[in-house]
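Chain naming follows the written order as A, B and C, and within any one chain the residues start at number 1.
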Amino acid sequence: MNASWVRQVRTAAFVLLAATGIAALAAGTAIAQSATSRLDEIVKRDKLIVATFSTAPPFCYTDEGGKLVGFDIDIAQLIAKSLLGDANKIEFVKVTSEGRWPAVNSGRADIGIATTTVYPDRALHVAFTHPYIDSGISILVREDAKVDSLAALNDEKFTLANLSNPQMADRAKRYVPKAKVLTFDTPSAEFAAVKSGQAQAMQMDTPVLNWYAANNKGLKVLPESLGVIQGNAIFMKPGDFTLWLWMDTMVREMTQGSRYAEYSEIYHKWFGRNPPPERFYGQSGK
Amino acid sequence: MDLLLTSAPLLARGAATTIYLSVVAILLATALGLVLALVQLYGGILLRIVVEVYLYLVRGVPLLVLLFAMYYALPYAGIALEPLAGGIAVISLYFAAFMTEVFRGAVLSVPAGQWDAGRAIGLTTPRILADIVFRQALRVAAPPFVNTCIMVVKGTSLVSIIGLADLTYVGKAIVERTLAPFEIFGVVALAYLALCLVLSRLGRRLETRLNYVH
Amino acid sequence: MSVDLGFITRIAPTLAQGLATTVALAIPAIVLSALWAIPVVAGLMARSRLVGRITADYVELVRNTPVLVQMFFIFFGSGVLGFPLSGFVSALLALVLQNGAYVAEIYRGGIRSIAQRQAEAGVALGLTKRKTFAIVVLPQAIRKVIPSLSNQGILIIKDTSLAATISVAELTFQARLLADRTAAVFEIFFTLALFYLALTAIFAGAMRLVERRVRIA
């Protein structure tokens, strides 16, 4: 087996692969529809599998003992209790920022509850319920950076820490194009960069930043928010209407219906205040 | 200092995962490497082409990209692997290519005279391989084999990027929480160093046993 | 199956940017590793036992710890110390420190393998020890180690993908972002693999040309 034979084989393999690759890129991707619902599987299995983060306080993070806690965790447990009767019939799959989509699309997890904001381009690859909590994006800054507004941050001597998703990259370009950007996998990595001084600011969901600012010295949240009020929702593999309908119904019951009391309790526990009031159609007598 | 004490149990669990990954991956990679080396030396032309293509792919693509492909892309093709099983599979397949080169090079380095002598006394190729050449090839293969094993141990650190809680992942998580990179990564580096030195020590013992002239 | 060539043209610029960063990281890493290995191999073969020991310890340390850990160490460590290095510089440093040690070992093997007799012949012809090394031993050693250096270069190119974890916007980083943005995850990672295959093939080809040219003594 001489060297030129090997080289010929390799070149042939490369050309074949390249041709397949280009053909595949030029074609579209289709999402398969399945005949049975994931919901039936969950009930049969008697356990709910939820994809979540482990580094986004106060929504889903690990405490010092290594236990997974947070608002999203408690909400997930409320859902498990409502579906299967027991808040402990649940298993969490910890994922990274981009790992959350394949986690539900591949079937590794049933649903995802991971401080995930609803955006139209994300809705291309997952199905969202209605939001279960409001969110927005803000910027956390170090007090010693002496920055008081978004406009002041837009300067090339500042570095902004981002999460590795395209929405954050777009926002950074739109609001602070002159600042330098560092991109990380997890909110805790962003936060470590800010604490150590490698970045002077970080971009993240408003409740998460409020929690960080409240629990650490020398940090504050800028008053402007990047964009408008947005919503965090449960996401799952698209095409499964039965599962989606149940989850969406559950979200609406939590925020506006029969599960409002438990939802309020969880909301109060993590944010120290009441959630938006239940809607009232006037028949309940209140 | 007491940071190290409080972090010790978490780091220990990470180290256990790393050791587990390394051992299984080394075993699988060695087994597969042996098979592929034999195919490359004695297989039919079609099989040799397949192996050659596989070696080319694995040696030209970074391990990280292969791990990402397994974790993010493969699920869309219908194959959903857990980070642990998938990580072991990818790492084993990746380093099996290196092992193949090691074993093939070792067998080819045995002087042709050995083969001729074997045939002169009437042995068939498999017999020559098993009885005469194998021992000599092993001696040549031992140092690069140990080097490849060390590469496997270092390669397992990449599973931290797909969220598997190995030693590197745990170390990074603790550093992000506490901002003590020198202490924590120092310990992590020492742990890897210890692991690799143990492998080198075992390798050297293997070499001396093989070099034993009867 | 609908054909959407527009998709390819839309993702091409981002991937091209990533490719540029990868090359911008790989080339200095390769060159600096080859250069840094020179003092390292000098240290390894030094007459002073202390210098030899320290250098050998450094080589052992970087050879037995993962590049990823080294990158994290430099990146987070520099931040905590107060002079934060960018992801690019941290990755470059880590790559050079790691691969410099490996290349030094390659140099050492090459130098050692040039027969003792070559050195003795040089001295017999009246050349000083230093001249013998420079004119007789070194050129032959360089010629001998080019294949191993080529291998090491390929490893460096592949290791640049790790820089994505410390925020360097190279190929793998851009591919991940793209995969998150679109639904064509499978195709994008496929393309990513092709890019690396092409890069390593081009590099290996270039090294083969170099080898052929230095062979004609």
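Details
Rule of thumb we're sticking to: contacts are C-beta pairs under 8 Å (C-beta built on N, C-alpha and C of every residue); 3 or more make two chains touch, one makes a residue touch a chain.
The shown structure was predicted, so the numbers you read here are calculated from the model rather than taken from an experiment.
Taken as a contact graph, with one node per protein chain and an edge wherever two chains touch, the assembly is complete, since every chain touches every other chain. When the C-beta contacts at A-B and at A-C are tallied, the pair with the greater total is A-C.
Between the CA-based centres of chain B and chain C the separation comes to 21 Å, rounded to the whole angstrom. Centre-to-centre separation of chain A and chain C, using mean CA positions: 37 Å.
Residue positions of chain A with contacts to 2 or more other chains are 10, 14, 29, 98, 102, 185, 192, 196.
Shared contact sites, meaning residues of chain C that touch two or more other chains, fall at 76, 79-80, 165, 176, 179, 185-186, 188, 190, 193, 197, 201. Across the assembly, chain B contributes residues 56-57, 72-74, 76, 161, 172, 175, 179 that each touch 2 or more other chains. Residue ranges on chain C touching chain B, taken from their complex, read 60-61, 63-70, 72-73, 76-77, 79-80, 154, 158-162, 164-165, 172, 175-176, 179, 185-186, 188-190, 192-193, 196-197, 200-201. Of all residues in chain A, those touching chain B in their complex are 1, 6, 9-10, 13-14, 29, 55, 66, 94-96, 98-99, 102, 105-108, 185-186, 188-189, 191-192, 195-196.
Remark: chain B residues 56-57, 59-66, 68-69, 72-74, 76-77, 150, 154-155, 157-158, 160-161, 168, 171-172, 175, 179-182, 185, 188-189, 192-193, 195-197, 200 touch chain C in the complex.
Put simply, chain C touches chain A in their complex at residues 1-5, 7-8, 11, 76, 79-80, 82, 84, 87, 165, 167, 169, 173, 176-177, 179-188, 190-191, 193-194, 197-198, 201. On chain A, the positions that touch chain C within their shared complex are 10, 14, 17-18, 20-22, 24-29, 31, 97-98, 101-102, 121, 124-125, 164-166, 169, 182-185, 192-193, 196-198.
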